[in-house]
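Presented sequentially are two complexes of chain A, the first with chain B as partner and the second with chain C.
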Partner chain A sequence: MDASTENVSVVKQQEILKTKKLVRNKKIVSISLFIAPAFLIYLLYVVYPIFATLGYSFYQWDGTTEKTFVGLGNYAQLFKDAVFWTALKNNAWVVATSVFVQIPLGLIMALMLFAPIRGLRLLNSIYFLPFLMSTVAVGMLWVLMFDPMNGIVNVLINVFGFENVAWLSDEKTAMFAVLLVIVWQFAPFYMILFKAALVGISEELYEAAQIDGANAWQKFQNITIPLLMPTIVSSSILAIVGSLKAFDIFYIMTGGGPNGATELMGTYMFKQAFINFNMGYASAIAFIMFFIALIVTIVIQVLEHRRKQKGGYA
Partner chain B sequence: MKKFLATLTASSMLLLAACGQEGEKSGASTSGGGGGSGDKVIEVWHIETGEREKYFENVATQFEKANPGTDIKLLRIPNDAFKQKLSVAMSGGNPPDVFQSWGGGWLKNFVEQGSVTDITEQVDAAQFHKNAIANTTFDDKVYGVPLGISTNLVFYNKEIFAKYNLEEPKTWDEFVNVIETLKKNDIIPLSLANKTKWPGAYYLMDITSRLAGPELFESAFKRTGRGFDDPAYVEAGKYIQDLVKMDAFNPGFNGLPYDEGGSRQLLYTGQAAMINTTNSFINNIRAEAPEFEEKLGFFPFPSLPGGKGEMTHVPANTGPVFSVSTKAEEPKLAAEFLNLMTTKENAQIYTDTTGSLTAVNDAAPNDETMKPIYDYLATATHMQMPYDQTLPPELAEVHKDTTQALFGLSMTPEEAAKQMEAKAKEMLDK
Partner chain C sequence: MVAAKKIPIYLIALLLLVFTGYPFVYMLSTSLKTQSGFFEEPFSLFNSFDFSNYMSVFEMGIGHYFKNSLVLSVSAVLIVMLVAAMASYPLSRMKFKMNRPLFLLFISGMMLPIHATLIPVFKLSQSMGIYDTLWALLGPYIAFSLPISVFILTQFMQEIPKELEEAAKIDGCSDFGIFWRVILPVLTPALMTVFIYNFIHLWNEFIFALVLISSPENRTIPLGLQDFYGEFSVNIPGLMAALTLFSLPILVAYFFSQEKVVKGLSGGSVKG
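Right after this comes the complex of A and B.
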């Protein structure tokens, strides 16, 4: 081995490295080009508004005239604001109903669709129907159905001997009435998710379990549930984040009333922004909403990650 | 390549933005005037349905004929959503050229933001009822034309009153008697749809005016001595809760929306006998249940024992009021459109076809239902504009929220008055 051949090989190696780098650089350029349009839109329509909202929340501002900087004043006021805490509590109710009623109901409906019952297709359509309607239409429909005098819901409960209930007009029942509608409208969405996931579970696993002598419940508990876990987790994230942002159905059905009984962070933010013209204060509410949703999502993701590390199914 | 991408992104964004706007506009119903198409477009946002909407269409057609090359684009937005939609458009810097309001505090708020054009030069303030134009004039500058004016009355079903030998009550005791008799006969005495909160707020305003006269609100609003926690306000709250406790209203009124007609339906079907509301109710009747009009009677809100208010102290409303926004590209042309809408001839058509009163002078209604209301309004010595349209928006909201809570019996009159005064101190004492 003489020095010159060694030199040649070093040069060659360097050349190879160079071309590799070039190829890599080229790849980076082309990949970013592909990402760029979506990324720009994401930056403009998602990231920028979040930071702009944070910025506005430090000001007292009516939306058009000069802004006055108040630092954390809006947040200090917010934490003392009784309406905000009511709203937060109501949001918690929406979250709880979504996770503990809607998702299980969606799962049950999906399982029923796999059961050997006649007229499954019909059931499938019926279950899915509420989700297809626009929220405004659903809201109006139920406002009429909940009518304190002539609504069909009251006619129904009269049949069973109960007195008329002023569903949406009573502070004690309004929240429950709206939650009922939310479950009715959104459970089908989770049904579809679960149905898709159930199709993906291999029949062989059930056959193997059958041979081992497992009963229906054991099969459900040890095969279906674990394999559905990823879907349950993503449904929960969707349900929780969606519930924190809930607005439309409440706005249509109660407008946050009566007497603030169904006020949500979303409706309260809207009220502060576009009725009371407190843009800064509304921005503070909006940012808190974002912050809570972010924290909740992170917590769920971390829990899910841990579960996977422990050897759960991916 | 990069340049190409940049343009692509930029243009796709523009496209998206355009789509967004298009979508937003198609959300409300448009109705062109006479199908005129020109380069000068004046966009008008209003909330009226039925004959009133037809009136706007008629004026728009006239205007387009008189001014070739202009296009009046009328956009109707549902009443309950209108306030929010306009606020959003205003703060988003994309308001219509001409918009409807009720004058008063809500309009003033936009004036203070610099969003409304001063049209003092273009319009003749003297041709309007002085109380009405005062409601759109701030710092001696006119910011809107009051086309319509209305008053609040207790409307009732004459047939039901005749059946149970009831007479129009003039005093509170007589009023309570009427309520008791109706209840005994399984008829809802008073119909109310209070989800929207303003229908209930009328009661607080009327009762306070009968108790303490118009000076109380003036003084509380202008901060010249008395406040919203005045004993009369507390007493008014008690009167309201008395009515609620004697089951004078339909059940579940606090959740019924007004626009959808929950309270009017009860009247049309004879399930309820009375409603305390604005006379634009007649406009609703003509669109919804024309056969009901002949059964319709009215009386002013009854007097209260020991009250200082006179029967000539009348609750009134200006509306529709039209203003020009500062973002209007053709403010002069827009102001001319407002002038055409409020000429004496047109105002006469307005009052005759729509069953509403106009604030334009010397345009008295010809029809039998409206005439007595016009005469009643003509005798007024004082006109009380609704609180929620006079007060700044945030305080107006507190007023409506606390009144709804009074009706719901979830707040005592003392608490409501205290909460109202606390907010008033914060907003009005500057």
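Right after this comes the complex of A and C.
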């Protein structure tokens, strides 16, 4: 009697375990099926290529004939390559411009959308326009505006008494000119982010400050800026990461020239890979680009984590 | 007194308006000039309305660029919407060991420089025999749209109440049934954001197209623009007409559904 009930309960327990396992297996299968399509595409076109790039970077290779293993030779050559250092420096300029010009300008544009003036709807529509155009179109349009003979930019500086400048073919001005275009194209993006954050700030805070006798600047400094801090931080992350990838606008406007003055890691990598067919060397550049992006991401994550632990943005 | 205080604000607003808007006015106005008219008065605005530049752009043939870009962007985005929504479902609503690592793997793609994948993707398309076809672009376009899409969709899915799912489960719905009949319909606004964001980015995508396409008949709009740049090198009004025509679809879409486009382009980070 006892033994049989025990047996029954053991069987039951086993059955329960079995069904539990079955349910678990079923769950794993269904989770895998949900994720598999995206995962496989991602694996093939994103994850595998990064490792392949690392692999290629140890070879001398023209892309078609046999590869020759050179170990860290490409990297050694890269660190002695003056063009690469110029490119790195130029990338740093793009980062700095994005963070210190684009973002503040985006904030000013967003503030204008809340200014007590007429025509806000117009500002709202027009300010955003540059961000809609494809970078290729933006580049071509501005090449014509920077034209030494018929460009509007020179007409404008003539008004202020300056001589014509060959903006894009002068080593001293080319970088500045392209950076201006980047600001033009991307400031509207940050404007939108700031606009969304500004909508979220309660009017009551400003009213309370008004009662305490704060002036406009004090209100801006003590209410607006602290409350916008999360947006400023996330915008900076986007700006830094985006700047490391910069390519299109430089490729169209200057192609890295004149004389390498606007060369970026991206344009240099492209040239080495698809014009000179130094696929191994180009892979080394590409992997350095990946590595820098990775380090920047990790540093930002660590800083974010620490700041959150300290409690807040203020 | 009050009015005088506003003058600097108006000035800044106007300055920014000219800075952002003038290039578009210049583009449109120049596209309507004849070449000699342009050289005589390069900066006068809307003093001539000559459509011959547009005719010559049409004569050079722009149909295939638009067709390629449209077919490619729409199919890539539709696939992205489906596979990203599928992946986001367990990632946002189920507990399992690999959840967090998988999620991070997907969204870390947002930080990735495309250059780091360029050569292997180029070789891959050659060895698959799809180099210089639109198929070569489909894979990378889907893959590089996944990170932001998964990011937007998981955020949105987390906010769907559990009760909806549980009710369906009691009615005997399978996991896929729940996803298809319960989750997807609620997800429409987020899917709209995903669609707009990715569509505009793919419509404008340049570097993969530059590397993976060589034949003129397979070129997308950004590559087409480059062709016109070569053709029209001295004909600036002609080039402006091409620029205007090629930018038109997005500009028109923007003026018809401004809020949606803005929200879409800011990647869902704009709420409300």
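By our rule, the second predicted complex is superposed on the first by the 255 of 314 C-alpha atoms of A that agree within 3 Å, B and C clash if a C-alpha of one lies under 4 Å from a C-alpha of the other, contacts with A are read in each partner's own complex, and residues count from 1 in each chain.
One rule holds for everything that comes next: a residue touches a chain if its C-beta (ideal position, glycine included) is under 8 Å from a C-beta of that chain, and two chains touch if they have at least 3 such contacts.
Predicted model only: the values in this text are computed from it and were never measured.
**Q** If you stack the two complexes on chain A, which partner ends up touching A:96: first (chain B), second (chain C), both, or neither?
**A** Neither partner.
**Q** For A:259, select first, second, both or neither according to whether it touches chain B, chain C, the two together, or no partner.
**A** The first partner, chain B, only.
**Q** For A:167, select first, second, both or neither according to whether it touches chain B, chain C, the two together, or no partner.
**A** first
**Q** Is A:62 contacted by the first partner chain B, the second partner chain C, both or neither?
**A** So A:62 only meets chain B here.
**Q** More residues of chain A in touch with chain C or with chain B?
**A** More residues of chain A are touched by C.
**Q** Just checking: does A:274 make contact with chain B only, chain C only, both, or neither of them? Give me first, second, both or neither.
**A** In the superposition, A:274 touches chain B and chain C alike.
**Q** Contacts for A:8 in the overlay, against chain B (first) and chain C (second): which applies, first, second, both or neither?
**A** Neither partner.
**Q** Looking at the overlay, does A:22 come into contact with chain B only (first), chain C only (second), both, or neither?
**A** neither
**Q** Thinking of the overlay built on chain A, is A:299 touched by chain B (first), by chain C (second), by both, or by neither?
**A** neither
**Q** Once the shared chain is lined up, is A:208 touching chain B (first), chain C (second), both, or neither of them?
**A** neither
**Q** Report, in rising order, the residues of chain A that make contact with chain B in one complex and with chain C in the other.
**A** Of chain A, residues 33, 37, 41, 44, 63, 140, 144, 270, 274, 279 contact chain B in one complex and chain C in the other.
**Q** Mind listing the chain B positions that touch chain A in their complex?
**A** Contact set of chain B toward chain A: 1-2, 5, 8-9, 12-13, 16, 83-84, 87-88, 90-91, 93, 109, 112-115, 195-197, 250-257, 260, 262, 266, 271, 393-394, 397, 401, 404-405, 408, 410-411.
**Q** In their complex, what parts of chain A are in touch with chain C?
**A** Residues 27-28, 30-31, 33-35, 37-39, 41-42, 44-50, 52-53, 56, 63, 108-109, 112, 115-117, 119, 122-137, 140-142, 144-145, 150, 152, 155, 184, 188-189, 192-193, 195-196, 199, 234, 241, 244-245, 247-248, 251-252, 265-266, 269-270, 273-274, 279, 282-283, 285-287, 289-290, 293-294, 296-297 of chain A touch chain C in their complex.
**Q** Which part of chain C faces chain A closely enough to touch in the complex?
**A** That would be residues 6, 9-10, 12-13, 16-17, 19-24, 26-27, 38-39, 42-43, 82-84, 86-87, 89-91, 94, 96, 102, 105-106, 108-124, 139-140, 142-144, 146, 150, 174-176, 179, 200, 203-204, 206-207, 210-211, 221-222, 225-226, 229, 236, 239-240, 243, 246-247, 250-251, 254-255, 258, 261-262, 265-266, 269-272 of chain C.
**Q** Touching chain B in the complex: which residues of chain A?
**A** 33, 36-37, 40-41, 44, 62-65, 140, 143-144, 146-149, 164, 166-171, 174, 254-255, 257-260, 270-271, 274-279
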